[in-house]
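The letters A, B, C, D and E name the chains in turn, as written, and every chain counts its residues from 1.
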Amino acid sequence: MSYFSSHFATLGHEFWGLLVGGIANGFIYAMVAIGYTMVYGVLRLINFAHSEVFMTGAFASFFLLKFLVGNSTPNAFESVVYLIAAVVIGGVVGALVALLLERVAYRPLRRRNAPKLAYLISAIGASYFLYNFVGKEFGRINLSIDAPYTNNTVFTIFGATVQTYYIVIFFVGVTMLVALDRLVATSKLGRGIRAVAQDAETASLMGVNIDRTIALTFMLGGFLGGVAGFLYSIPVGAVYGMGFTPALKAFSAAVLGGIGNLRGAVLGGLILGVVESLSVAFVSGAYIDVVAFGVLVLVLLVRPTGILGERLGRSA
Amino acid sequence: MKTFFQNPRVQRSGRTALILLLIIVMTGPEGSGTQPTAGFTGSFGNHMSFFGLFYPQRWVVFLLLTLIVVGLTSLVKMAHRWWIERQRAGNNAVARVAKTLAATKQRARHRSTRLSLYAVALAFALYFPHLVTDQSWQTLVVQDVLVYLLLALGLNVVTGFAGLLDLGYVAFYAIGAYTTAWVTGSLPTPPPFGVHWNTFVAIPVAIVFAMLCGVLLGIPTLRLRGDYLAIVTLGFGEIVYLFINNSYGITGGSTGTNQIPFLSFHLGPIKYLWGLIPEPYYYLTLAFVVIFLLAFSSLEHSRVGRSWVAIREDEVAAESLGIHPLKYKVMAFAIGAASAGFAGVVTASQTLFVTPPTFTISFSINILVLVIFGGMGSIFGVVLGGLVVQGFVAYLTHSPPSIYNAADLYMYLGALLVVMMIYRPAGLFPSRRRRREVSQVEAGTAPDTLQVEIGAHRVQEDV
Amino acid sequence: MLDVSSAVVRYGAIEALHGISFEVRQGEVVTLLGANGAGKSTTLRMLSGLHAPTSGTITFEGQDVTKVKAHMFSSMGISHVPEGRRIFPQMTVQENLEMGAFGRKDNYDDDMEKMFVLFPILKERRKQLGGNLSGGEQQMLAISRAMMSHPRLLLLDEPSMGLAPMIIDQIFHIIGEIRDAGTTVLVVEQNAAQALRLADRGYVMENGAIAFSDDAAKLLHDPRVRAVYLGESVD
Amino acid sequence: MSSLIFDVQDVTLRFGGVVSLNNVTLHQGRGEILAIIGPNGAGKTSLFNSLTGVYAPQEGSIRFTNSQGKSMSVIGKKPFRVSAAGVARTFQASRMFSAMTTFENIKIGAESHRGLGVVGAMLKGPATRRDEHRSDKRTRELLEFVGLTAQANTIAASLSYGARRRLEIARGLATQPEVLLLDEPAAGTNPAEKIELAELIRRVRDEMGVSILLIEHDMKLVMSLAERLYVLNFGSVIAEGTPDEIRSNPVVIEAYLGSADTGVAEETK
Amino acid sequence: MKFRLNKTVAAVSSSALLLMAVPAIGFATASSAASKPTFTIGYEGPLSGGNAQLGINMKWGVELAIQDANATGKLPFKLQAAWFDDQGSSTLSPAAAQAAVANKSLVAVVGPAFSGATRSAEPFYVAANIATVSPSATAAALTTGKVKNNFMRVVYGDDVQGAADARFLVVNRHNKKIEVIGDGSFYGAGLAAVVAADAKTYGAKVTTESYPESSSCPPGTAPTSQYTALATQIKTSNPGAVFYGGYYCDFGLLLGALHSAGYKGAIMSGDGSESTSLISGTSPKTAANGVFLSAAGGGSGGNFTGALESQFLKISGGVTSATALYAPQAYDATNAIVRALLKVSTKVPVSKIRASLIPALHTVRFSGVTGTIAFQSDGNLAGTGAGQIDYYQVKNGKIVQFGHN
């Protein structure tokens, strides 16, 4: 009893701060969750190696920013330019790695109509290969990202300070998620993706090239995953094993929102981010990951279709 | 220009060149945080011994190796063609040899031949400690090979026999190890009845405990299939890991415990202490490996084993024949957990120490690699795969660090998994049945029962 | 127009079609009849690239299309209305129609309007999800979706399946209109009488082979057809 | 005993908004060969799935009564329980364990109702061996009965359609059922195989005393085999009777040949 | 035929692996044919993995000491080194210890380098009567209450360091509210506990938090996100100072998170974080600026000078001893073993030498590079309490000396 009441007492004080931090993390989870959900939509397959897409995105922007920023202190204009460049390079490299994954680890199996188990194992293998390979090449310790901006308090809300970092995450996240949502809902490519998700065979009868659509789906998910990797790495740096836990959480978020459902992924990501952040005040911070995995296990056991349900290929 | 790249020969050569480059980099030196490109530049520029003959740059070595291998394979191919032609021509000597070879192959299928093969293998295993003079190798064989073999045999029951992909398998291993620590009174939690039990007592307790956890975990989760089961078990494994890592008052937290006693034997006048000499551990573990091996192989060819196959191949049909799928799946979980639990006891009582980092997800993956490499569902394959992969890993891991970085292990294992799935999805030595299953699913003549299904059965209206 | 000669289709070790040959001529309606499992749907799936034949050839308008991939067929002029309608359930009616025109680069608004004229109910349901339509509406949507790519040959797989008699009449009426507008139709049907009355010619399949064929009018009165459907003995 | 083996009352089965079975009432007498016919999508397989516990209809009751007179409600029971009570089935697209041999397929059926016996299985004790012998014997008998002895060691996937159907029947019989549900047993078989199949089904009833419930599209087979038929259309029973009654029932003809098709029906009559 | 070339690749890669293994065989069977007996001094520490640099520094120190000892030519035996890589991990160290124990010419061990690894390796060294002299394992519990400990160290334990750190934060820097975070490791949690207890006695308000170290340094997975939430919480509760007991890998993550959350108070950590890798691993690098670090410098915290330094530069490939943290300590630890070896009879079987080395080491007293080296019965460096703790601060991306206690 006293345990909880004492935590409630501090919660009022910390609530807003934790909420802001939670939402920021939530956007990152959401962007990664999109990748899981899209690939799941078209292939009915959990892309286990998506965590490595996330990680390589971070590394790509690490190298770019090392080159661009170095030891300088960027001014406001430079900050924006660098930021956009880092987002683009993180996304592009993420998309390329996702494409590579599809070509090497999935397509040969798809050609052969291999059992699902083979896909999953291949994905696990690809994931382990990639992250250890990066670990070997770039060292196994955190590499400091040269932040493209100076982190200051921008404004204060209910006593909680909102840093530049959060603003960046918010803007990039919202832009990406809205753009993707529109792309999938309205463009021809999006229609192709949704058609493949709902009924691949019929989609091919309509003239949709399934191979290409699947590759593009991987790339779209990879783009967002790579960008998320960059955003995530700003305070933690880039390190080879950085993808595993956040990606597993993002997967939980995707399941929570209803896997296959784009908006569900966003909702799930935000909920998970906030719940996790607030759990620091309630439970010991050491158990924060247990909270995330607990949510995953519970959702799968109780309501495997998630909050919004499995609405595959649904745009809205 | 485009047609040049579309030429399959060009594409194939290009692909090969890329893979070769990758291998050169993979086996090259490490990069570091301060010099992230050192790995790449060193991979090509560094020098490397070519069979001790000369010392060229690394890429030269690989190029030479490629040429040698290509040359050798074409030689072998030519010989093979010659062999077949001679055989067809009825050349006596060649035909006789061919016949003998075929007969040997046939005989290998024969029961008595197989048994004598096993006997030879067992004899070798029993003699092994006398072959290696360096005792640390015995330790390594127990810790890095036999324990892994035990785990692989157990996971084979779950994944190979029952077709359930369990990524949290390491949790049962952790439960076994921590139970040992608990029973012997080495944890902050007081041991059962306040007695510091002999480590041998931990064996049954750990096995039973692990099985119990297998049942408890299995009942709710085994309703899920395929990827979802994999992810939930992975989540479970992480939760167990985080629990033992954080519960200072119960498990000792991230520092674990180093108070576990050596195995010892005090029965009246007979006293024996398994001490620093690893040989007794080797024999004890070997004995258990053999016991599990025999038990699991008779299980495979029993009613239970057949029921697993039935569920794995077509759960709906199996259920319609009166097989209770959940019961059999949970049982597979429990049996797999038992062998992991025992492996936990071995590890804990030989290293005298348990700590959470041993029990990460990577460990589960490592075991999975053994099962898949050898051939899921085939005990022979799993044992052979385990010996080959783990033997090589143990050898490399404990070679001087300048030669091989233990941290690269998962890079190789990961690549191995992908390559296996592309070329030999049923493993190197699969059971015939498993090989058939894979090829049937691929041909579309059998349903893929691991197809992801969310929640209850998808509605399938009659058409 | 379409010429199939000794096409064999296998599913793994099983041979589903044992070398069938038939042809469809410009402007006609041809129907494939047969019991369940006779290989009718497999034939259609082969014709739209969903299941490549292991041997034999398929020629469409003089072009060999045996090895052409499924997604190329719609732009070549063959549209397939699959068995069970296979509407995209999470797309609106309009989006479903747009999917039908996926391969087209020109403006297809006129065609959509034409479909709405042909099936006024679809216009009403324009913004509804495909999955929420009734079976008959879905069938209409499936047909108009296939028509959106301007096919010269339309493959119809069991258009009457699970539909009420009144709706079936309507569907068959529209298939007639489609033929009249110049599209050749190959229809697989369980509802033999209805199909035969519309068709010019018919093929009867049994066990993965074509058992016999004739003009539709003659088949309609062929006792062998009746035997297939009502189990009457053929004496 | 002239008791009913299946008694289905007012069963309605829905999937979301789709009504798959609508107020279906039917019954089967012990020892009867009963057939269910109807156009594609009429709900025949849904009915089978409801009878075997795969689906749980929302309304109505399904009772199964065994030869000892013990009656149980099927709705809400899991398929393996229904099977244990004495109901065996085959599937529309035959679902053998395709990587197993014919012998193994049947043996699984023969031993599925025994207990787990894990420890026994690991130790290979005498009781386990006895069990194995019993199952082997029963399997051999059934192989003989359906005429697959020669193919005992053939992989199920490489059997012909006809042989697969017989294998499925034998596998179902191995569970010692009182009623056998056959879902389109003749699909994909050739005329000669059809005749053998009809013969086999009759023998199952006559020699083993197992009641037969049959879904079939091949009317010739149905009409020659079934003693009574139900006709399903749009999830409802639209007719019931002997083969002759059904053949001349205008409602059935309409369902099969279309509303405007009375002409054909008349002409050929 | 289709996969022929890729089969080639498989063959090439396996032969490449074999090639890599060939020198290993050569290494394992190498033996010297000197007339004098050859003894092995083992070194156990991280030679690969994320903490490899620290371990390699120490390896250089050991190499230098053995080279020196052999070069005098006065020894009645020849010395060689054997390296046992534990990656700094407590999981791998039992195997490393067992391998060391199994080495038939090994008389004593320098190391283990890390406290956690020491803890899990000690049962084996104890069972085999092997003396271990660590250049860097500072956890207080390794020595507490021990008598005639086979484990000894040439640095001061964490009780000394922790007390000094608490005094620094509370007394010198006037912080009244301190959050102490331990990483849950044997070393980090121990240090954090000492700091928390001592800070309270100096009158500060202390909150403690235990955050398990993420495994981003050693191979494995990195649950790194947790620091974001912790940092947010710290930012809102806003203590005057944060003390982190743990290693640089995780400390860097915490620093990045604190920076992103906008925390502005003082931050300090102990010797586990005192590494240049801390700066290269903190994102952005500027987030590390202003951070205080402490390290036990031994007596005078000396580095190699003169001829010794030039020899060292040869071994280290140009890295100076001032940068190569713990290399001087490793040099001293090795020398302590060499001096003890000279005190005992080496004409007996190695197992006897091993046993006699432990009491001999307890009597060793000499002036080493880092100060006077002598051990108390519990294994601590003699003269606890008088030890010097150096303070450092990160300024413009460099660790600079700030003062000492």
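Convention: contacts are C-beta pairs under 8 Å (C-beta built on N, C-alpha and C of every residue); 3 or more make two chains touch, one makes a residue touch a chain.
This is a predicted model, so every value here is computed, not measured.
Chemist: Could you tell me the least number of steps, going only between chains that touch, from subunit D to subunit E?
Modeler: So the least number of steps between the two chains is 2.
Chemist: Find out how few touching-chain steps suffice to connect subunit C with subunit D.
Modeler: Step count on the best path from subunit C to subunit D: 1.
Chemist: Farthest chain from subunit D, going by the mean of C-alpha atoms per chain?
Modeler: Of all chains, E has its centre farthest from that of subunit D.
Chemist: Give the identifier of the chain nearest to the protein's overall CA centre, each chain being represented by its own CA mean.
Modeler: So the chain nearest the centre of the shown protein is B.
Chemist: Just give me the whole-number Å value for how far the CA centre of subunit B lies from that of subunit C.
Modeler: Using C-alpha averages as centres, the distance is 51 Å.
Chemist: Any idea how many Å lie between the Cα centroids of subunit C and subunit E?
Modeler: Taking the average C-alpha coordinate of subunit C and of subunit E, the gap between them is 76 Å.
Chemist: From the mean C-alpha coordinate of subunit A to that of subunit D, what's the distance rounded to whole Å?
Modeler: 50
Chemist: Taking the mean of the C-alpha atoms as each chain's centre, how many Å separate subunit B from subunit E?
Modeler: Centre separation, subunit B to subunit E: 34 Å.
Chemist: Mind pulling the residue numbers of subunit C that touch at least two other chains?
Modeler: 12-14, 161
Chemist: What residues in subunit D touch two or more of the other chains?
Modeler: 40-41, 157
Chemist: Please list all residues of subunit B that touch 2 or more other chains.
Modeler: If we look for residues of subunit B contacting two or more partner chains, we find 33-34, 246, 361-362, 405, 407, 410, 419, 437, 440, 443-445, 463.
Chemist: Chain pairs in touch?
Modeler: So, checking each combination of chains, I get A-B, A-C, A-E, B-C, B-D, B-E, C-D as the touching pairs.
Chemist: Considering only the defined contacts, which subunit B positions touch subunit A in the complex?
Modeler: Per the touch definition, subunit B meets subunit A at residues 25-26, 30-34, 36, 39-40, 163, 165, 167, 220-221, 224, 226-228, 230-232, 234-236, 238-239, 242-243, 246, 361-362, 365, 368, 372, 405, 407-411, 413-422, 425, 437-438, 441-444, 448, 450-452, 454-455.
Chemist: What part of subunit B is in contact with subunit E in the complex they form?
Modeler: Those residues of subunit B that touch subunit E are 12-13, 15-16, 19-20, 23, 27, 33-34, 48-52, 61-62, 65-66, 69-70, 73, 134-136, 139-140, 143-144, 245-246, 248, 253-256, 258, 275-276, 278, 351-353, 355-358, 360-362, 392, 395-396, 398-401, 403-407, 410, 419, 423.
Chemist: Quick check: in the complex, which residue numbers of subunit C touch subunit D?
Modeler: Per the stated touch rule, the residues are 12-14, 35-37, 158, 160-162, 164-166, 168-169, 190-194, 207, 220-221, 223, 226-233.
Chemist: Within the complex, which stretch of subunit D touches subunit C?
Modeler: Its residues touching subunit C are 39-42, 157-158, 161, 184, 187-190, 217-224, 234, 243, 247, 253-254, 256-261, 264, 267-268.
Chemist: Which subunit C residues qualify as touching subunit A in the complex?
Modeler: Subunit C residues touching subunit A: 48-50, 69-75, 79-80, 82, 86, 88-91, 95, 98-100, 102-103, 145-146, 149.
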